[in-house]
Amino acid sequence: MRYFDARVIENRSLGGGYFVLRLGGCEPLAGSRPGQFVMLRGDWGRDPLLPRPLSLLSVAHEGRADLLAKVVGKGTALMERSPPGSRVSVLGPLGNSFPVPSADVTDLLVAGGIGLPPLFMQAEAAARLGLANGSEVLYGGRTSRDLVLLGEMRGLGIALRLATEDGSLGRRGRVTDELEASLERWRAAASTQLLRIMACGPREMLWAVGRIAQSHGIECYLSMEEQMACGIGVCLGCAVAAQTRPYRYVCKDGPVFPASEVMAYATAASTSRSEGGAQ
Amino acid sequence: MTSSLDSLEETAPALPTTCGGIDFGNPVLTASGTFGYGQEFDTLLSLRSLGGLVTKGISPKPRFGNPPPRICETAAGMLNSIGLENVGVEAFAREKLPFLRSCGTRVLVNFFGTTFDEYLDCGARLAAFEGVDGLEMNVSCPNIKAGGIEFGRDPVVLGDLVKACRAVIHKPLWVKLTPNTSDIVALARACADNGADAVSVINTITGMAIDVRTRRPKIATVFGGLSGPAIKPVALRMVYQVHRAKIPIPVCGIGGIQDGTDAVEFLLAGASCVQVGTQSFVDPASAERIIREIQEYCRAQGVTDVRELIGALATG
Amino acid sequence: MTSSLDSLEETAPALPTTCGGIDFGNPVLTASGTFGYGQEFDTLLSLRSLGGLVTKGISPKPRFGNPPPRICETAAGMLNSIGLENVGVEAFAREKLPFLRSCGTRVLVNFFGTTFDEYLDCGARLAAFEGVDGLEMNVSCPNIKAGGIEFGRDPVVLGDLVKACRAVIHKPLWVKLTPNTSDIVALARACADNGADAVSVINTITGMAIDVRTRRPKIATVFGGLSGPAIKPVALRMVYQVHRAKIPIPVCGIGGIQDGTDAVEFLLAGASCVQVGTQSFVDPASAERIIREIQEYCRAQGVTDVRELIGALATG
Amino acid sequence: MRYFDARVIENRSLGGGYFVLRLGGCEPLAGSRPGQFVMLRGDWGRDPLLPRPLSLLSVAHEGRADLLAKVVGKGTALMERSPPGSRVSVLGPLGNSFPVPSADVTDLLVAGGIGLPPLFMQAEAAARLGLANGSEVLYGGRTSRDLVLLGEMRGLGIALRLATEDGSLGRRGRVTDELEASLERWRAAASTQLLRIMACGPREMLWAVGRIAQSHGIECYLSMEEQMACGIGVCLGCAVAAQTRPYRYVCKDGPVFPASEVMAYATAASTSRSEGGAQ
């Protein structure tokens, strides 16, 4: 893990607020694994103050790294407007990663909206290992505009199943419907191949994915998000409320967790909250 | 003894300073709760270059802290309500102290309790460890026996606590004051009168933020501590008030320091050294950069010893 | 009675609210010292669109204020030490009030004194004027007879002052609390117990900044009042503390409000209305925009009456 | 005075940190007079928070307005980086102006560094009235890089006398030396033409100009700067410490003051400063 300056080489708008930042000078990210992230900050003064966590989309040779982000607030809006040549500070690679693709296992990579990057990188890793056709990407969004980088994924040779809530592309419905359908197909095929689910996306989607995996008894990994300040385990801000104590942290114990460890969150979060001392 | 060496020495300002019974190579420390136990920053900056570091607050037993969400960003600042989560004295000594002993900088251990006894117990045990250069008491903790009011709010309670701790702690003892007060000088005086070696000014200011979409507090515990550049004017004012009141112990200035200029402001206001907190999240290498910037400031201003700056505010 | 009209009415939320004995067309007022005497903004926004405005603080006699420099910018905020400069009661009535009477919005006059007598004198004279809908007492003023300590710091002194003013002021009387306290609830309670109609929470937080080049304070009087987005978390916390303590008078929320979301946060925390201060310098038309943004929020959230939001924070 | 949105049409760098912002959409500034200023803010979030006062350099038809600024801190640095198309909010025109050029009077327009804009606009006004050759611009800076828009001023047909501290352009020395020399020339010419001095620049320069004017008994106007928040007389932040009370304000009583009114400042500022209540 290193802290370094990088430069925007290219900033490609994908429409719908999505954009791919291609950074140069990211040699310290060489060897990063799918699921890992960076803390990123532009040259924008104190507003916003803290760096923003972004998953790696792809890391190539010669210090090139790609990030996919979506404009949701000030930080991402400023990134979207960063012209080539802009300086950014990068802290990374941070966090853990998804399990390595394996010939014995079929991975169902479930992405919801801007949850795509770690799964894209996982698909890329599978392709590099010649295992792309052993996995599927299930990718859902609100509308067709929320489904990006489809050409790139097809280029990896991985099966791609799409779902949109408005039916504008792929199945009408949620990505979890697509997941159920996939599992159905696998069951019908009576394959003995082991299945594994990896998912990243909105929290509600993650719980739904986790529940589906649980009910089928399938190994499942969820990539979680929490507000972050440091990214390196010192602020203790990104605690995941699982039932296990001590707390686990998205930045240093995650962002990828076995679903069984974090599924408790859904309940924990709704328990009563006491007021406590600061810090 | 060549003239070129002489002139080099003339241009490089002396950075060593002393605060609360501890000698520092330079006046820049990193603040409790924002620098982990040091090791986390080992690859991000040179720990040896720091004046010192202050650990996350330690309590007698491990604490799990508050439920999430624990932090949120605010204008030029952030709120946190970590809930004083820490590994406890034993694990600290076993897992964290060995690295700290060898990291090449001064180590202050921040500590707290929820009762007088816990403070005494924790402080005495920590002070006994080799490798601990001094202790910083966090008194912004709810006093369980007094209805949850912070120990550090009432000068009388604070004075009693400091006196009791002082009796069992035979190392430099700093007390970190809460800014949630109408009279920071009274708090500082209570510390000085009861044997503290220095005061750290300030801890976070209690604040709050709401997510209007969900209508819930952005921090699970409703209230959190505000830190970052937003609070700098308040911190600086409190440092100056304590300095001006001629409290007979030195002040360590904390609050919103982002760069060398900010640090120099605190020195001018009367701080003998400073701590960098939230800025380590913004830029994990900032403490080291700030030392360089102080040095550059001194050079540009013809200051040969950084201690000349302490309290050198020109008024009137 | 056509269905299209009906549905229009359904989507437009009702904005009127009441606070401290005054009915407002909507919950957005402009804060004392940041909106002059209203007229200055006449070409910049629609004064009629405002819930109300609060004038610069008025004293019995004109005051010249502090020497410059009086303001400086800080991280997401500013410091000011204007020194309570104002035209005095007489000139106010002669030169400013006629316009205010006709400007089409509610007018609160902020006032202060340096002794009890001055407060009573000033408040009583102002309350007697037609066109003054209510008074807001600024109690963050040095009490000349008590060594310069602010009237508003001690709940007992504050309570006595409020009681005395209440007796001579037969119009809605709001008291604007200082945040430089360890116990905002005690201050609010002292106001409620002594007959105030509302509390305005908060005034500026005392702060300081230094020009490292000259080594002088950036504000001639050394200390200034911190305002702007930087203080919002503190202001919001204090509003919520007062609300949660079930003090039996309403709260007007002030501090760092920049947009509709900020305003809604204050309403959710328990404010019955809000004041926009420093933001009027950033964007002189902001108060009007904030009203629109509150309206949009209500529409998006299906809120039909803005008063539903007051204190509607979800906790637990 | 109006508050409105404008757009950067052109952002021309002049080197040395100086740049000319050409704005479009400034119809409300039509009729602005030399010495007046605007409060300007870009689309840059909360850092910096307050708008920045900038004098008008030139106001043309079709809503075009030019500003000349120098990078000294965050706000000006952000302006310098604003590409054409950037949105800015403008409040103005604000403040008073220099006396109108007149055939009976010779105006010595004294500019120090970034103090040029109001005097440039005054020269332009003189040129429009056909009085350019009745006036002179005396313009000083640290080095030749601090003297900008020289071609434009020559184009106005106004006499231009330059001074730089390092002697890299014009007289070596201060612009006040040039002023003394000019006055000397006028005295030697034994002209009966009335003289008037107008100046804008660093505070020390203004005092020096004021003292020179005083010693020669010449009418003199100084354009002052103070920290500003509102620009419209409501924050009471921009008080000028003259000996007269009540205080006078740069934004609403100025920025142009008869030298006699503000010369007291130099003394007033050095009197002891008491601590007082806020606001």
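To keep things simple, chains are lettered A, B, C and D as they appear, and every chain counts its residues starting from 1.
To be clear about the criterion, a contact is a pair of C-beta atoms (placed from the backbone, for glycine too) under 8 Å apart; a residue touches a chain by one contact, two chains touch by 3 or more.
Note that the structure is a prediction, hence the values are computed from the model and not measured.
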item	value
Which of C-D and B-D has more C-beta pairs touching across its chains	C-D
Chain B-chain C separation of Cα centroids, rounded to whole Å	34
Euclidean distance of C-alpha centroids - chain B vs chain D, Å	45
Set of chain A residues in contact with two or more other chains	46-48, 273
Multi-chain contact residues (two or more partners), chain C	75-77, 206, 222-224, 228-229, 315
Touch-based graph of the chains, sorted into line, ring, star, complete or other	complete
Chain D-facing residues of chain A, complex	44-48, 74
Complex interface listing, chain A residues touching chain B	1-3, 41, 46-51, 89, 91, 226-230, 232-241, 245-247, 268-269, 271, 273-279
Contacting residues of chain C [partner chain D, same complex]	33-36, 40-41, 43-44, 56-57, 62, 64-73, 75-78, 80-85, 138, 140-142, 150, 203-204, 206, 220-225, 228-229, 258, 278, 280-285
Parts of chain B lying in touch with chain C, wherever the complex brings them together	74-77, 79, 153, 180-182, 205-210, 212, 214-217, 222-224, 226, 228-234, 236-237, 240, 256, 261, 264-265, 268-269, 297, 312-315
For the chain B and chain D complex, residues of the former touching the latter	75-76, 315-316
